[in-house]
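Taking it in order: structure first as structure tokens, then the write-up.
Read from first to last, the chains carry the letters A, B, C, D, E and F; within each, the first residue is number 1.
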């Protein structure tokens, strides 16, 4: 069994950023993503989970390191000013390198 | 306070794999797991969250490194061909080593 | 683009620990957190997601390493005996260090 | 009389609510993959409590608060006192640890809203009228025993760590403002303020479909209770017997008190049901927070897997028969 | 007769249920951000199946089980046999891989509860009575074809790996205890035990609002089906034609059998609808688990994006017209 | 007249809907752990919009589209124009940044469906008939002001980055196909196509329990609004006053227009309510996407924590009194 190093980029943000974010993921070349609703608190206030439009989502995407870099830098330039958002990367090891 | 290195194995897959997966976790000797519903997109198409039978789940399980290896290799051999699935491992540090 | 090392502390526990946990996060100086409902199995039995009071939550919080250490050690001392709980830390890299 | 009782029993056992409850237990036993979404469970709870409180409030506005006070205080007193004899019984009869005895005592002094609702359902089914304001008894009986039980337990334990210092204060807060009490009392007040005029507007939502919603909810509760059945071995024969005998004793007591405060046959039955019922949501949650040293299997399992199903199926017609017996 | 049919057709197309279904398809096509929460979808499913089963059970308790047995067995037999001719047709006519042919055959032998419910709705709309116990036919027709289909598929495949060895056993288990069959049969039994007395209690919840709930659910199903429309290119013209022609043939067959077992005009229509309908929940789930080698686009898309909408809109009045024709 | 008004006011304040709203505010203020699941919130929204649209559509099919066009266009025009005077008032009177003034103007030109529904509820409660097709006014008034507000705001800002270039196009798309407008207009069309025949089928689901569902929903909305009350300090006295005075002015204007286009007393009241109401879901969502530079506390808080509760409690009977005054 061979595992390969990849980056897991995690983005927590308001649900409104969902569609622009999906577009960005496609643009930087991610081959998939996983998404779920979360509650949260941060510098821009608490986000409860009632009104869908104001809820939080967490998006997790596994990408090769260069894509992770591109993704994070575009998030910084184009998204951080506009949306309540936190983004970070983690080192992970995957099977089937060619999938990502 | 003493933290100990462990592996976090994350598996994202269609909900149908749930029961076989639980069985596998027990077989390889995991002592617990955490599971939640997610949406996702990947090589096998978008998975929305409406029809329960076709939804996605994310399973996270903390195990000692040898168990992680066994788990990943059995996933590769027995599950990847049958289910839409992504699996990866992350290095984490836990308290109470004996729990895992 | 500059990324900075941080600790991601993940806590999986019964929903009843929610308010004491939030209080603890504030006390140790975390600037935000993310929270969602999960199902799980562990040494203290299966937790299904029906009765809200007995469900599981997963809390993820990004903090500087010293805060992570403080958080984990207080969890160990004050929470582990009282609540079904798993806690671990992961190395992550964030943008905007000053946020955490 | 005997024929009467079997009639009453089968009327209960063959009602949709109880049969759906049984179906839920079957689903749990055969490990069916049927599962109610958490949101549905919460929604049904909110609906049942709100509807119940609202109807009760309208009934109070019709009957006048004066009529309600005496029986409500009696109900509250009963809830407060029950732990005082269940605790020693469990401690010395059952040889349980003090903290476990206290926790179980809290459960059996407190009440189960679902059991109460099923009983009103049953009375409606056999066309037996009852004081609609009896909901007020339910509202005031949930918390006192929990507080008494926690106090009993605390007295046997050492000091708590920093985060939990305020735990007694937060216990009292929870007892008054907790989800279920808040909804029940809040809807009761809303109903009392609206009266009959308000009821006319929302009756098709809060009243007409109520019994059907209850049936659906009991399907889910059957699954919840059924999943606990496998824990029965852990609790031992003493607690199993306790979970059936205590409700019968408390039911008797409730019925007698109901008679002395002048309730009707239906109302007397309901006070018996409340006394006999034990909590399996509010009390366990309070114990986890305020008496975390107590063992959940010992307090939750008897309450949820024995007393609750027993009351739902056999208990209710028994308390009704008792009420009939004592009122004649 | 022709005028009659167009009348029947427009009565169906202009019903709230079908129009909301169309609205759902529009929502999917214009990629509206309208989305039903998963919990709502599951809740609506649970409600519809429980209500349907319960009503059917009450009907059985009124009609007597004797009347139900023969048509139910006939329905079951029909479901078992359908894969036996659809498989060779798909295999040799459609040049599909054996495992795909088997999977599709399973879908078309099995049934769609939503199509059945929409048909009962339609009959109610045109004031055509039917045997309420027809729900029993639905209950017994879901699983047999799935089992036959999986067996057909297995015969063409090699041995499975360790975890999936028990897969045949778990398939049978799923066929009998799976969510939808369990709810339907369970509620049927509950209804049969309660009878009319029980029905009176829960009618305002399980019966009165039923058609409205169905309309809301079909809005969601329209979105689900609409999202699949873009996959139609993947399935090719043979399967598109198959998805329309087979329902018509099976509808005929069902109607004829309905006539021979002595069902009313309404009941005959319903047996036609069941035969014509194809599964898009139970069968795909079973295929993913038991025939994972089959291609989901090939079995799910025709069933969900062609046959289901076709039956809902045009099929139902056609099977009604056929039943009328044959019964005269 | 005065007595009349106090009568009308107390009829509103003592209705279940408004009292449950107050209960929700209390829950938020005492930080109760009562919480509606997100899925329930979404379900209630879907139900209310669908039911409202459907009823409106049936009403249009009865009244004929000709009768609806003139008042609907008037309503739309009013929505379009309101930002044109609120913007300068906020900009120069309130000394707000241009982008914030534009965002707030968009909110007050747009409408609140829940306020509208509560008003229809109120009219039903006092037995005052109204044009059921008024739902069409609601449907056409949501978007225009949002578009005008965003355009006003954009004119004051620099160019956007790549991902957001299409933002104006997507704004228009959202305005026409967004969740709430889509559901409302879609259900309106479905209702218009079904007419009375369709209504008979789904009335027990979409009409009869409607007022009760609204009461439950307002309990949740009370919590949502109540959580915002703590932000009131951030918005300052100008916006607090604005949030009460503007609805009164716009209510007057709406009532006058309603009179001139020949609506009934009920319909005139509803047009006043629509003009007076401000958006707190569609508009904030649009602002976050299209004017992300605007400060949410400044636009959401006045709309949700001041204007919405004011209209629900006091505003509606005031606009009714105004309509009565002007129509005599």
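Some points to look at:
As a working rule, a contact is a pair of C-beta atoms (placed from the backbone, for glycine too) under 8 Å apart; a residue touches a chain by one contact, two chains touch by 3 or more.
Everything numeric in this text was worked out from a predicted model, so none of it was measured.
Touch-path distance (fewest steps) from chain C to chain E is 2. Ranking E-F and C-D by contacting C-beta pairs places E-F first. Comparing mean CA positions across the assembly, the chain most remote from chain D is A. Farthest chain from chain F, judged by C-alpha centroids: B.
Look at where the CA atoms of chain A average out and do the same for chain E: the two points lie 40 Å apart. Centre-to-centre separation of chain A and chain D, using mean CA positions: 46 Å. Chain geometry summary: the mean Cα position of chain A and that of chain F are 34 Å apart. Note on chain placement: the centre of chain A and the centre of chain B lie 20 Å apart, centres being C-alpha means. Shown for chain D are the residues in touch with two or more other chains, namely 36-40, 42-43, 208-209.
Counting only residues that touch two or more partner chains, chain C has 36-37, 90-91.
You'll find the chains touch as A-B, A-C, A-F, B-C, B-E, C-D, D-E, D-F, E-F. Partner chain E is touched in their complex by these residues of chain B: 14, 16, 20, 23-24, 37, 48-55, 77-79, 81-83. Residues of chain E touching chain F in their complex: 14-17, 19-20, 23, 26-27, 30, 32-34, 36-40, 43, 121, 124-125, 208-213, 215-216, 219.
Touching chain C in their complex are the following residues of chain D: 35-36, 38, 41-42, 161-164, 220, 223-224, 227, 281, 284-285, 288-289, 292.
Of all residues in chain B, only 10, 12, 36-43, 56, 58, 69, 72-73, 75-76, 80, 86-91 touch chain A in the complex they form. Of all the residues in chain E, the ones that touch chain D in their complex are 37-40, 42-43, 46-47, 50, 54, 174, 177-179, 182-183, 186-187, 189-190, 193-194, 197-198, 201-206, 208-209.
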